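One chain, chain A, links the two complexes that follow: it is found with chain B in the first and with chain C in the second.
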Partner chain A sequence: MKQLTLYVDKQSFVHAVDPITKLFYVAFAILTSMLVPTAYAGVICALLSLSLLCLAKVIKNASPVFLFIGFVLFTVVVIQGLFGVNNQTEAFRLSGLIFYREGLITGAKIILRVVNIVSAFLILTLTTKASDLVEDLVRAGLSPRIGYVITSVFQIIPQMISSADIIMDAQRSRGMETEGGLMVRMKAFIPLIGPVVLDSFMSTKERAMALEARAFSAPNKKTFLRERPAYTYAAKLRGAFVVLTLAALIWRLAA
Partner chain B sequence: MISVSGLHFSYDGKTEVLSDINLDIDRRSTAIIGQNGVGKTTFIKILKGLLRPASGKVTILGEDVTQKSAAQWASVIGLVFQNPNDQIFKKTVLEETLFGPLNIKMTPKAARKRAMEALSAVGLADKTDVNPYDLNLSDKKLLCIASVLAMNTRIVIFDEPTIAQDWQGLERIKAIINSLKAQGKLIMTIVHDIDFVAECFERTVVFNEGKVLLDGDTADVFAHVDVLRQARVSQPHIAQLAELAGLRRVCLTEDEFVRAFKDYAFIQ
Partner chain C sequence: MKKILVEHLKYRYPQAAELALNDISFEAEEGEKIGVIGRNGAGKSTLCQALTGLVPHFYKGAYGGRVIVDGTEVLSSSISEIVLKVGIVFQNPFTQVTGAKETVYDEVAFGLENLGLPRGEISSRVDAALELLRIYRFKDQAPFSLSGGQTQRMAIAGIIAMRPRIIVLDEPTSQLDPQGSEEVYQALDDLSDQGLTIVLTEHKIEKIAQYCDKILVLQDGRSVAFDTPARLFSAEDSDAWGIRPPVYTSVCRKLLRPPTGVYPVTLSEAGEALANWEAST
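Let's look at the complex of A and B:
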């Protein structure tokens, strides 16, 4: 069964950083780029995130995401450049279309913010196992119930995809055509979705009972299978991210 | 009825799940056995047109299996899936049974007649208006069998038919298989219940690591104890008992065992 994860198993210092510190970095990179009134902060944060992706040896895995958002952002710049609300100063003409300076600058700012958000989150998702993140969050005080909900989503979605494939085969075996035009595919939808949904309801119930049978709701403090050594610079890095974010906030308030 | 030559298959293009399978499946009821993960279900899915071979040729009744879609093959080959929850979606037992026959363009009258016959065969004729999800697992499985029987296909394949069946359900399935055999249909199964194979199937094919390890009459196949061990498959219990009793014949049923035992006692 395919796994629902973007994690890339590589050896790098970024991989070695604990998931909570990476979460602090994500918050820092996004908030700072938004709070600091100059565009330079956004550029620095984006460059920092992209550098970290390179150092983590996952930039190749990140490139399809950037290609996709690149296409979306290109359309945003074009629309802003042509029809932005504050457009006044003509920047250039292309095939009779007038692009305005104000709109292009707004588009560039949007690009910077999106690249910042995406690259910061990619650092987290490409270098951290979802299970490690959830386990660290539970260690840090997150409710095990919420932790389980998050982890189970990563398991249930691939499971549903796999069971949808089997159900599709079972209905095709009974003569249901699934290949063809829109109407054929729409007709195939109900015989497919019914068993998938009911199956997942039933397995949710079974899963809940199986969890309870293994003391999931026991009120005592849980132990963890793995004792991961604490990341040496976790406290210093987290402190630095908090201080820098607060500094950005003060700068913003003072500006 | 089914011819397989030089069949290879891989899901990822690297690891071969099936490797150089050559089989000529005649009218004899045929069981495919072997450990989990040796390619039995994959093989059956290829026969049904649900998967396409990487190389090699599969013909059914002389026609290349890849020339039609699985839905088009549905009027020729019926496949009962292992897990009933993978196919049930209608509101009543009767509607569920009618789904296949109506898909293969049977007239509503003929479909209803076939559906009722199939439901009678599996013992669910009195539950036509029941919601399938209110049935127990054994009856759900029997409903899935009925929904394929109602399509009146020339070939019927059962994937693990004995799962979740009590003695009564098992006897019913044996009766269905014998009745289908009597109608001249080709019956195939993938199953781990070796005693069931010994009792109901004339031919047995043993799969191991994506290849055919043994193929022949069921009694002959179960005589090769060492080869079976290689595929981690045991003999039927009655055959093991016969061996322990010192009988030289491979027994597949209680009757065969009693006869062999009497002959043995007489000689002694």
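Let's look at the complex of A and C:
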């Protein structure tokens, strides 16, 4: 069964950090890079996140994401460099096109910001099981209902994809063309929507009933069967991230 | 005390024109096994849901009469109170997989976590349920990796583990091969030996005739008969209910005229009756 997850199962000190502390890190890295008025903060945060990705041995898994956003960001820089609203100072010419300093700087800032956000989130998603994150959040007080919806989506979407595969197979065996050009595929896809959507709509109701039968809405406090090992430095790290983020905020307000 | 008492139960789904259940009455003693049969759409699943309070608490709609399970009136209790007394296993095993757990073991433990039981208690109950349904060896597998029959047994285990005093199973063997259904029925036998009251719907007539103490026949939402399998399938008008009697009964009807008017319903009973008949001719 395919799993809808980016989690990479490796051993590293980043993997060992508990999910909520990683959430604190994500908030710290993103807020600090945006709050601190000098660009250096952004550079430092981005370098920190990237080196954490390397140390967690997941940089390879992160590279397709960076490749994709790299492509998008490249076009942003080009457009800003050429047509940015504040463009005044010519930076260089390339086959007749004039690139401006102001636009390029704006583009660079956007790059920095996006790289910061993406790499911070990648640390979380590549080194944390979604179910662990949700379970810790539920333990910390998130409603079990919301927690259930999030975790089950990760399992049920692959389930829907495989039921689409089964229906597709059935249609192929009845002689329907499902391989070939875009049009052929589109045409094959449309009759799929009905059964798959109807199927999942019906089953949602049954699922909800089955949850009730398992005492999901019992008013008592739930047990967590799996003990989650407490992470030794959780409190210290979280505290540090909060203090640093507050420092960034004060810097911003003072500047 | 009656374990299950259903009196003049009527129910109509919201926006439906017809009653799905129309004046149903029956009762069950502790440890009894009650079979519910009837054609597609007769109301079997709806009745199962009414026994656990899903009708009318989950599905609203028009409701009348009384359902009392283990001394508790369903209408005036919440679903989470009722599921402590009555467990229900649904027709489709796949929609009963919570989708929130990574292993079969954790999946079976889900209901117990919700009940807030201590961890030690949870593990011993889960182990016992997995053993009983013979799926212990799959305990570390992903729930969605199981076959239909294994999934069905996992669903039953998840309910059994909650230790209800009554268990309702809606076509528990629809996904199972003959061997698998045999195993499920064996597990249910163990449970009924422990005093559990069992209600189940089933399309395999031979199976239900052999297994159940009493059978309730539904037709278009009405209960048309409630009796022991032998008396029920011996009745002259049983064909009019839209169900066919077990093949053993049909064969004996062609050949025998028992003085009691009660025909055999299981293979062993039929064998015995036919041997006696052969000896007497």
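Throughout what follows, the second predicted complex is superposed on the first by the 244 of 255 C-alpha atoms of A that agree within 3 Å, B and C clash if a C-alpha of one lies under 4 Å from a C-alpha of the other, contacts with A are read in each partner's own complex, and residues count from 1 in each chain.
Quick note on the criterion: a contact is a pair of C-beta atoms (placed from the backbone, for glycine too) under 8 Å apart; a residue touches a chain by one contact, two chains touch by 3 or more.
Here the structure is a predicted model, which is why all the values come from computation and not from measurement.
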item: Touched partner set for A:219, first chain B, second chain C, both or neither; value: second
item: Touched partner set for A:175, first chain B, second chain C, both or neither; value: first
item: Contacts of A:211 with chain B and chain C, given as first, second, both or neither; value: second
item: Partner chain(s) touched by A:93 [first = chain B, second = chain C, both, neither]; value: neither
item: Partner chain in contact with A:167 - chain B first, chain C second, else both or neither; value: first
item: Partner chain(s) touched by A:152 [first = chain B, second = chain C, both, neither]; value: second
item: Partner contacting more residues of chain A (chain B vs chain C); value: C
item: Touching residues on chain B, where the partner in the complex is chain A; value: 45, 48, 50, 69-71, 74-75, 77-79, 81, 83, 85-89, 99-100, 103-104, 133, 147-148, 151
item: Complex contact set, residues of chain A against chain C; value: 1, 131, 148, 151-152, 155-156, 158-159, 203, 206-227
item: Chain C - residues contacting chain A, complex; value: 49, 52, 54, 58, 79-80, 83-84, 87-88, 90, 92, 94-96, 98-100, 102, 106, 109-119, 122-123, 142, 144-145, 155, 158-159, 162
item: In the complex, chain A residues that touch chain B; value: 163, 166-167, 169-179, 190-191, 194-195, 198-199, 202
